[in-house]
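The data blocks that follow each hold one structure.
Each of the next two complexes has chain A plus one other chain: chain B in the first, chain C in the second.
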Partner chain A sequence: MKAIEAVNITKVYPNGVVANRGVNLSIEQGEVHAIVGENGAGKTTLMKIFFGIERPTSGELRVFEKPVHISSPKEAISLGIGMVHQHFMLVPSFTVAENIMLGIEPKKGFFSVDFKKMENVITEYAKRLNFEVPIWEKVLDLPVGVKQRIEILKALVRGARILILDEPSSVLTPQEVNDLFDVLRRLVQDGLTVIFITHKLNEVKQIANRITIMRNAQVVGTYENREVTETDIVELMIGRKFEYDIKRERREPGEVLLTVKDVNYFREDGAHIIKNLSFSLRAGEILAIAGLEGNGQKEFVEILTGLREKAEGKILLNGTNILGAHPKKIRQMGISHIPEDRIEVGCALDLPISENLISDRFHTKPFSGRLIYRKRQVLEFGKKMMKEFDVRAKSPTTIVRMLSGGNMQKVVVAREMTNSARIVIANQPTHGIDVASSEFIRKKLIQMRDDGKAVLLISTDLQEILQIADRILVLYKGEIVAHLKNENITETDLGYYMLGAKRQSDEQIKESMKV
Partner chain B sequence: MKKTLLVLEFTRFVITVGIALLIGYIFLLFSTDKPYEAFKLFLTGPLTTQRRFFEFLNNSVPLMMTGLALSLVFQAKVFNIGAEGQLFFGAFGAMLFALNFPQVSWLHLIMTLIGSALFGSIWAFVPAFLRTKWKASELVSSLMMNYISYFLVLFLVNNYFRDKSAGALVSYRFPQTAWLSVITKYRLNSGLFIAVLLSILMGLLIYRTKWGYQIRVIGVNKKFGLYSGMRTMSIMFWVQILSGAVAGLAGGIELTAMYRRFVWQSLPGYGFDGIIVAILARNNPFLVIPSALFIAYLRIGANIMGRTTGVAPEIVIVLQSLMILLITAEALLEKFKQKAIAKEAMKGE
Partner chain C sequence: MSDFLNPAFWYSVIRVSTPILFGVLAALLSSITGTINIGIEGMMLMSAFWGTIVASFAQNPWIGLLAGVASSIILAVILAYFHLKLKTDLVIGGVALNLLSSGLTVFLLYAITGDKGSSASLRSFTIPRVDIPLVKEIPFVGKILSGHNALTYIAILSVFVVNYLVKKTPLGIRMRSVGENPDAAVSVGISVNRMKFLSLILSGILAGFGGAFLSMGYVSWFARDMTAGRGFISIAAQALGGNSALFGAFGALLFGIAEAAGITLQSLRIPSEITNMLPFVLTIVVLVIYARSKIRSHSRIQEQ
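Moving on, here comes the complex of A and B:
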């Protein structure tokens, strides 16, 4: 029996982007089906169509072999489709139980909620999956892994027979990923169907029964897991031979460029987000800050780049304290910044590529004279940059909104790597983008290091960190819990520190930083 | 692709106008015996005589100026919509300078106009300052400033500058050296040239200077502007001051050219019409020129119809509003546009 089928689905977005072009896909009941593809290949759009968030421009959908029209998530749910989004859809100030039963609360009488029954229902489901969830705790402070389980329970309680997971492992540690996979296996044993989207091919190989590969809005093919190797998959995804050849030669770092001294940050609600952060960054090295999302990295980068003002401590650059300075001054002093969020911070989506490339240097020659802004020079520069950084778009006048995630990120990277800064803060520089673009950006970072610049890499992707970093700081709950040289360490080692299960003593950290 | 979209955009505009006219025509059927003639007057009225044509041009002047003022702040996504109050206060400033500055030819007029711009920007300063300093919503404070402007100016004019020899509540007459000239016997407001010139200048400012580049960047994504190292607060502040100056100048031009006294006892409404002009022009200063002309044409056409056929003036206002409503409704005919985009996109690749 087929759980869900897409027949000749085409989707064109209002801005003219064709996200799906004649897509055919059929998913068997009771299988784990992975959908992989570069960013912008159309995976997420297809899932959104399955879940009723987007409507296809043309084509047909079948659920359990019946043709259907799904025009809202509500309808999708009633057809037995559940979805766990990459960014969780939970109410932080509600309890776990309230979140799971939101909108379908069992009633006692006319007005009051039957909490007893609520608990029973949830425990029953949780038991079946061998889950442990703190039913009456607020979602706010729970770890990401638990939040994800809540999302899964939410879908199951609503009667999901088909579960869609959008990049479920991107927020988890290796240990948590294993737990997740156990759950998925159990679900499949129960006869559920699991569809999941991911960028991590080792996970695909580990859990999927079948794999569908998408490229450029079309399905390249669906394969049995054992038919294809990881390399096969990558090559099918990008449509050409692929050689993973990031080489990082050992280098002696140069002089100290940036010193962070006892930085503390308290959020408005009094929470101590960053605790006594101290380290220094040298020329010619890549220093990585590892950690799970939400351990203070975001806040720290904002403080460092002048986007968040109220913090204590010192950040010294050429002997000047730049903490609390305006971003303009910080940029002038030689720090460039690839932000975590390219859409909210790193780009002006409705301006052309060319105008996005000069936002930090529009006032200098050749882009501006005293007063006049030289459009032609800006376009020329845009053309040059697009070539150099392999930004794929029709012309430099194309607005950035039209670009796929990978190309958008290349625009940001092109800007931040071509200014005269000696320090680059790269916050999740390859987050959520395709393999080829990631490789390109990582190579560029190494090249910058080799040119004697200093790179501060903030990443949750351990593979990336182990691939390119020279030194690694692990951040846990706003504190440095480990300082490691990138020699003979594994993802699992880092995982323990990231989860807070292991930590180095303060003396150990201090000692290792001196060298 | 770009060309197709442009054609589509234009088709959409034409179709919406067509729909608006059709609905308007149905309204007319209920309110007059001769709907066809009334309608014809509405559509062609401003072109039928020279006097009417100049009336239409004169009407476009304050619309163009306020539309321009608002397009500037809207470019930066700042919603200081106090153009009405700024225009009123600017007119008051023009009056002060006209009545008090030594009567030197040219210089007197120039100072009067500068005075109006100055007073307009003073009025825009308050919401701009409150926003920059304490993050007070400029939308609310600029709206409130309209009322303050209205009552304050009325109080001052009626108590201290009232010409008691005039038959109405108006200020003293401006000396002739503070008059902005009117051309031909139909009194064409020469402020039209100022308005057109200023629109072009502001268009150049927005699209061809580094200051304008920053305004556009901040309008699209303020966070990105700050992140790139722009002084976003300062730019948002100064764009409001500039917008206030343009709105104030609108009041100055209107008084020095058309009335030569302070004559308003109620808010003239140009500041609000300016919002429509700016939206229609997609906040592009260059497009403010045709946009203001279009709105003025509708206005005058409707007035002429009202005057000559006896269609109730309320119907005229309904007709105007309907048309503006339909034209500014962006989602109208969206599906139609969507289909064309889909077709184009599939073909293009």
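Moving on, here comes the complex of A and C:
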């Protein structure tokens, strides 16, 4: 029995972008089917078509072997399709129960919600899956792993027989990923069908029965898991030979450039977000801060770059305390910043590439004279940078909004790596972008290091950290719980620290930081 | 000082709070779906106008009330059509309605009564007052709580109804989800536009009651621009109460006290030009205090 089929699906967006071109896909009931491909390959569009968020331009959909038209998520749900989105679709101030039953609230009498019945329904489903969810807590402060379970429950309570998960593991630790996979296996045993979108290939190999690979809006092929290796998959995804050739030679770090001393930060609501953070960053090294999202990294980076005020402690740069200084001053003193959020913070979306490239130096020569800025110089600089940083777009006057995630990020990286700063703060520099762009950016970071600059890498991607970092700090609930040299350690080791299951003693950390 | 300890003062506080209370609920019902109704002022004014006019012709205040509320709903439908269907800016749409109401009511008033200032020439009808049996007998308190216009009691009842609607009914939960995370609502098949439409209509109904009270309870005639900023004050009072109808009601009461105090102070030979400013000065002061307590973000990046 086939759970869901796409027959010759084409999707052209109103702006002319072809997201799916003649896509054929057939998913068996009771399998875990992985769909892999680079960003922009068309996976997410296809899933949106399955879930009724987008309508195909042409082609046919079949669900349980019946032709269907799905024109809204509501219809998809009634056909037994459930979706766990990459960005959770939860209402923060609502309780877990209200979130799960939103839109299908059981009623008591004519008007009221039957909260008791709500609880019973949820408990029943949770029990079946061996989940524990805090039913009456607000979703706001729950860990991501729990939020994901809520999303899964949400789909199941609505009677999902086909569950689509969009990049479900990107926010989880290796341990949490294992838990998720256990859940998925249990669901499949119950006869559910799981469609799993990802770009983590080791996970695909671990859980999928079959794998469909997409590239450039088309399906390259569907393979049995055992037929293909990880390398095969990467090459099919990017359409060429691929060598994982990021090499990082050992180097002795130079002098200390930046010292962070006893930084503490209490958020607006009083929560103690950063606790006694102390470390130093040296020239010629990549120091990584590992940790699950929401353990203080975001706030720390904002404090370090002057975007967040009211922290305590000291951050010394050339003997000057820069804590609390204005971002412009911090930049002038030699810290550049690749922000986590390229769309909101990193770029001015409606300005051209060339102007985004000089947004930190537009007022200086050669881009500006006394009064007016020099368009020609700006364009020429833009052209040069696009070439050097492999930004793929028609011209430097292209509006940044039009670029893919990978190219947009390369614009940010180009700007932040070509100023005169000796310290680069790279916050999730390759998050959500394609393999080739990620590789390019990682190589650039290593090159910076080799040029004697200092890189502070903040990442939740353990592969990335193990690939390029020299030293690793693990942040858990705002505290450094481990300081490790990047030698003979595995993702699982880091995972234990990140989950707070293991920690080094304070003495151990202090000792290891003295070199 | 003795004026403020007099039950008559507190009776008038409740009386002048009534239209603001309706306004606060109107603001609340619209803001929970993220479509704050700037047009409350205009809706109230329109309802005040049609209330008196229709009551006078039908010789029945209740039919007037219905007509007033209906006119307010029509404005809400127009606002919803512009904002939800034609995607115009909500604030611009609301401001347009306010200007339209202000002009149209004067125009029609002149066309119907030949007077540009008030409807005094028409025979007036007001919604009756209600004495509450046992409460009436309680000393002091009875004089404050009993004998109000029926609409005042409807307003107080509405606070609890709205509170229940927002917190405990499927409709309320869905409307709040649309206001807080529309994507989440869409993903479970809730129509964002439908919820926003409903919330504007509900908002229109309550604004309509508030307006009708002004011309058929507070006074017994229509006068040009008689809402005098009460719609905007309501929006401010609602902002103080957040998503809670109960806190919003306290906000309304606060402004009621300011207005009543203004009226009382006039008897102390303080110029009415100054005392009339009280509620507005209070609006500004309260909003500043409120906004300052809210700005505590340490971030230099504007949150989206």
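Assume the second predicted complex is superposed on the first by the 512 of 515 C-alpha atoms of A that agree within 3 Å, B and C clash if a C-alpha of one lies under 4 Å from a C-alpha of the other, contacts with A are read in each partner's own complex, and residues count from 1 in each chain.
Basically, a residue touches a chain if its C-beta (ideal position, glycine included) is under 8 Å from a C-beta of that chain, and two chains touch if they have at least 3 such contacts.
Just so we're clear, the structure is a prediction, and the values are computed from it rather than from any experiment.
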Task = Pick one for A:Glu355: touches chain B only (first), chain C only (second), both, or neither.
result = first
Message = With both complexes overlaid on chain A, does A:Pro327 touch chain B (first), chain C (second), both or neither?
response = both
Task = State whether A:His69 touches chain B only (first), chain C only (second), both chains, or neither.
result = neither
Request  = In the overlay, answer first, second, both or neither for which of chain B and chain C A:Lys485 touches.
outcome  = neither
Request  = Based on the superposed arrangement, let me know which partner A:Leu102 touches: chain B (first), chain C (second), both, or neither?
outcome  = second
Task = Would you sort A:Val12 into first (chain B), second (chain C), both or neither based on which partner it touches?
result = first
Query = With the two structures laid over each other on chain A, which partner does A:Gly346 touch: chain B (first), chain C (second), both, or neither?
reply = first
Message = Per the contact definition in the header, classify A:Lys510: touching chain B only (first), chain C only (second), both, or neither.
response = neither
Query = Just chain B (first), just chain C (second), both, or neither: which does A:Leu307 touch?
reply = both
Ask   = Of all the chain A residues, which ones make contact with chain B and with chain C?
value = 307, 327, 344-345
Key: Sites on chain C touched by chain A in the complex   = 164-165, 168-170, 173-174, 176-177, 180-181, 183-190, 296-301, 304
Inquiry  = Please output the residues of chain A touching chain C within their complex, sorted ascending.
reply    = 53, 72-74, 77, 83, 85, 87, 89-94, 98-99, 102-105, 107, 111-113, 154, 158, 267-268, 302, 306-311, 327, 344-345
Request  = Using the touch definition up top, name the residues of chain A that touch chain B in the complex.
outcome  = 10, 12, 14-18, 21, 57, 305, 307, 326-328, 330-332, 337, 339, 344-351, 355, 359-360, 362-363, 367-368, 371-373, 375
Query = So in the complex, which bits of chain B are touching chain A?
reply = 1, 207-214, 216-217, 220-221, 223-231, 334, 338, 341-342, 344-346, 349
